[in-house]
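What follows are several structures.
After this come two complexes, each holding chain A, first together with chain B and then together with chain C.
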Partner chain A sequence: MKYGRKSLHDKIVFYSLAIPAIIIALILLLLLLTQTSLSIPIFNVQGVTSTYISTTWRPSYEPPPTGAWYGLLPAIWGTLTSAIIAVLLALPLSLSVVIFVEEILPRRFREYISAIIDLMAGMPTILFGIWGLSFLGPILQAYVMTPLHEYLGFIPVFSCKPLAPATVLTAGVLLSLMIFPFMVVVIQETYRAIPITYKEAGWSLGLTMYEYVKLNMSMISPAIVSAILLGFGRASSETAAVTLVVGNAYNIGFCILSPAYTISSLIANQFTESGDFPYMQNALFAGGLILLIIGLIVNTIGIIILRRLRF
Partner chain B sequence: MSTRLLVGGILVLLVVMGVFVWYLAGRESGKVGEVAQTPTIIAGGRQIVLLGSGATFIYPQLDAWAKEFSKRYSNVRIEYNPTGSGTGQRQFIEKVVDFAGSDPPLSKKNWEQARGDPRGVIQLPVVIGAVVMVYNIPGLEGRLKLNGEVIALIYLGEIEYWDDPRIKALNPELKLPHERIIAVHRSDSSGTTHVFTLFLYKASKGKWPKELVEKAIEWPVDKTGRGLGGKGNQGVTDIVRRTAYSIGYVEYSYAILAGLPWALVENAAGRFVDATPETLAKAAEAAYPLLPQSLEDDFNEAWENMVYPPGEDSYPITSFSFLIFYKVYPRDKAEAIRKFIEWINTEGQNYIVQGYIPIPEIVREYNLRAINIISEG
Partner chain C sequence: MSYGIAVEVKNLNVSIAGKPILKDVNVKIPESTITAIMGPSGSGKTTLLRVLNRLIDLIEGVEVKGSVKIFGRNILETDPYEVRRMSGMVFQIPNPFPHLSIYDNVALGAKINGIAKSKRELDELVKWALEKAMLWDEVKDRLRDPPWKLSGGQQQRLCLARALALKPRLLLLDEPTANIDPVNTLKIEEALRNLKKEEDMTIILVTHMPHQAIRISDYIIMLYEGVVVEVGPTEEIAINPKHELTSRFLRGEM
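Coming up: the complex of A and B.
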């Protein structure tokens, strides 16, 4: 925005509003700097690549590389797989909710559904966690994971027997329920912004409901992509709930029916006493760093794509 | 219109939930009558706050003692933060607390640093800890029996099924199912894990390697997909309760509250022993001769010897948890600390929280030596 000449009053308003914005940007920078500088010691003793691609997590009072060893790959792998499962499940769910609410549900009920979705999006995540641990996990094990393994066990991702309610899949399903309200909001906002003239044009051509929805969806496809990315960003950084249902086993594999670890749950579990073991805290910071980088990349792309959307 | 309806709906929902909770909660609220006591005043009545931090395991007992002690000595307040043993030891070394609690004693390095300091250090074994093997085998009748070797092989991932011949050999009378064993362990760093892995090392006839004795380790069973981690004793208990065919190790007090069955474990004398207040006390008594001559000594070796103690009736996975004090305190604090140590080793033993057990007479006397060591400075 451009002003002609600024009065003193304008300047005061401008600067007082600018400061918080600058602080926020600085905090992000500071976060990145802290994470990096605190990760450096572990990189010095173990090397950057081997820290991120090693599968061994061996705490010890003897410093690495001879005593302890802190490899992060299983945690990174668990983070990515659970977040991908979450997005794959949440996408069809959120698309159908948007279509149902916008096109099928009578107008007077819409507000209720929206209110419920907003409520879910703002729910403390630990609530999802204890619900997942005590209810969702056991149900999934009995009625979803066991049949999946029995009938589709020849597919590598279902090849291991689901022995416990806490698995990568449980974490993925729980995460999908947590991110889907958020994805609904992103998609719905854009869907509502489609100019009515386009919609009327569609109807006037005599499109069927299916064709009509497909046309609308293609118009907002950038919003869908960015909802996927933002949802992925949320899923990969979620901590409290995932720690309770992912199983916390330092294990890496293609099968999603076995317990695993995520970076955030590794930090949540081990940070408290990590000061006792040399370099362990640095290794956890290195985990935080990769999480931050994943988050930055995914969210930035998501926001850029969303910005491009114009009708 | 719709907003008003929505708000109304939520309000109705909240009221219904409130009534429901009030109804359920109301049924169990019996108030325990409190015995009135005439408080005593020490150190000239000045307000004294003793700050402690450390092990979570001793927190419930210590908290109960602190409350009871403050009723008795009304100008003394004891505040204990359950931050974990490691943090407690660090804060003790950094002198930001007046005392610390720790499951293992001060590490050799920390002890040497503390001893070299003018304020000195003493350690008191005040609480008995025991680790029990809780399990969840649906339909199993009778109690499971295990020994160090079999438990080690389960956590190494080498024993895969419940009906493995090596488990059957210990339990000829049980009908064990052909199901895979889920081995549940702590996902955070913990004194419980340290005691448990130390027991495995000592009792498994060389199966459990020395490198895997630590308060956080890399669990071999995780690599087989049959390992699960839970945060805290509570986390492990929850997982075992919800996971069929699982086994886990937790502190005795948690197992009691959880109502899960636990296994009889073979002790050093070759007998299968249940964890009960009696067998824990027996273990503590059997471990007493292993304690160092003086409270000022290093406890590490003694502590390692005490896990898997001798004795016919000793429960094998037993250890002491410690309170760690300085030898020198400012005048008022010294008096309060001495009173506190004296009280918990005498009258305090009548205020034992459920799941914990009183320490044997000889250990109390051992601890009472501290009163003559602590001085003003």
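Coming up: the complex of A and C.
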């Protein structure tokens, strides 16, 4: 880009708009640097790899490695499993909402559905949390998790008895409700942008509604992948609601019917007291660092894929 | 070969949101012929074409009255999905599916409609359709390429092949050469002539180019503001148009 022949006025506008953008980029960099530098002490005493792959969380007034030990794998595992459950549930939900709104619902009702979805997307996440804890969790425990364990308990993911309403599955289900509005928006906007001429070509081949929708969805598959990644990014970083419904137990295992921690719920629960224990705060920063890295990777890829989609 | 009536339209009235678009249209189109629908922009040519494959149903607030028979079947009382499989359509702007390869663009309709039973049959059908669209030689070594690597004119011939892969007896084209160069235009015209001769296809072509109509059509339907003002064999109409509008149109004044 050349700004050579711009007037002074244009230059002032340009710089006054560019500076906030640069500041934001710098803040992101600063965040990354702070997270890294505050993680380094724990890496020095425990090692990077063993911090991330150890399953032991043992707070103590004696510093690690002999006294305390802060392994993050259970929290990372809880984050990944609950986010994966969320995406697996939210994907079919959002695809069917998009298909219903775009292809079946009469045009005049579409705005109402969009308004409801926007409302859901903008809801304070803590409201999802208390609803999940007091309503959704007990219902899931009684009508979903218990039957799953009884009838499908031979499958490792359902092998443990659901003793409490707050479990990885509850967190996953709640997260799916929280991320699906965002996934709907990403998929729907792209679906709407399919030029009418492709849709007409599809119909002119005599496709049935099912085949027609399948054709359109495969046309916008990059947007679907992108919605999955962005949804995963949101689900893995969600804190307020998850902290309430995930159960906050330092478990690791394949079973999704037991309580667990996620990285964000671990930080939310432990950070205030972590000053009392040497290195614990650094361990939590190390958790934050991995969360930040996961988020940056997933969101960047998601956005790049979405950008590449051109009709 | 029987040269019966391919399309018979009786008292066709189409309105969109209460506004009449086609008024009392009556035409008979013989089998194995090329018919050109002509008329100024907005006269209802596209609408008439889209009645024939029920694409018109996609418009909200549309009302279609009268009877339309294609090869003896009243298509207004037939399942629209079935009607659409009876004919192939080529649109004004080349619109191959961007995410499918050249091969898959052609194969899609055939696969879904169960026309080809095996991979070999499908390969043969794709080859046949591309040959008939006069595109085979140009793409046979790159069937897996995406369609946007082709020129606009090649893309339009790909769309013709996609329509042909349905093995339709009726082919509908809506100003197929409006957006492509003269060389490709001539290729498509040659393809259409051959499809009529070799495959006994009935072809209905909307065109705004009087010369194109004279070059390839057997019959001309002249539309003006939703009314058929003249219809007849091309030789007659070209030499001796009965209607003032037709002669002005043929002279290129509209």
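Heads up, the rule we're going with is that the second predicted complex is superposed on the first by the 307 of 311 C-alpha atoms of A that agree within 3 Å, B and C clash if a C-alpha of one lies under 4 Å from a C-alpha of the other, contacts with A are read in each partner's own complex, and residues count from 1 in each chain.
The criterion applied here is as follows: contacts are C-beta pairs under 8 Å (C-beta built on N, C-alpha and C of every residue); 3 or more make two chains touch, one makes a residue touch a chain.
It should be emphasised that the depicted structure is a prediction, and the values quoted were computed from it without experimental measurement.
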Pick one for A:N299: touches chain B only (first), chain C only (second), both, or neither.
neither
Kindly classify A:Y250 by the partners it touches after superposition: chain B alone (first), chain C alone (second), both, or neither?
first
Greater residue coverage of chain A in the superposed arrangement, chain B or chain C:
B
Touch test for A:S221: chain B only (first), chain C only (second), both, or neither?
second
For A:R107, select first, second, both or neither according to whether it touches chain B, chain C, the two together, or no partner.
second
Taking the superposition as given, does A:S204 touch the first partner, chain B, the second, chain C, both, or neither?
second
Quick one: in the complex, what on chain A touches chain C?
107, 195, 197-198, 200-208, 211, 215, 218-219, 221, 311
Would you mind writing out the residues of chain C in touch with chain A in their complex?
53, 55, 58, 60, 81-82, 84-85, 88-89, 91, 93, 95, 97-99, 108-109, 112-113, 159, 162-163, 166
Where on chain B is chain A touching in the complex?
2-3, 6, 83-87, 90, 107, 180, 182, 187-190, 211, 214-219, 222-223, 225-231, 235, 238-239, 242-243, 245-246
The chain A residues in contact with chain B across the complex are 56-61, 108, 111-112, 115, 133-134, 137-138, 160-161, 163-166, 243-244, 247-251, 253, 255, 258-259, 261, 265, 268-270, 272-277
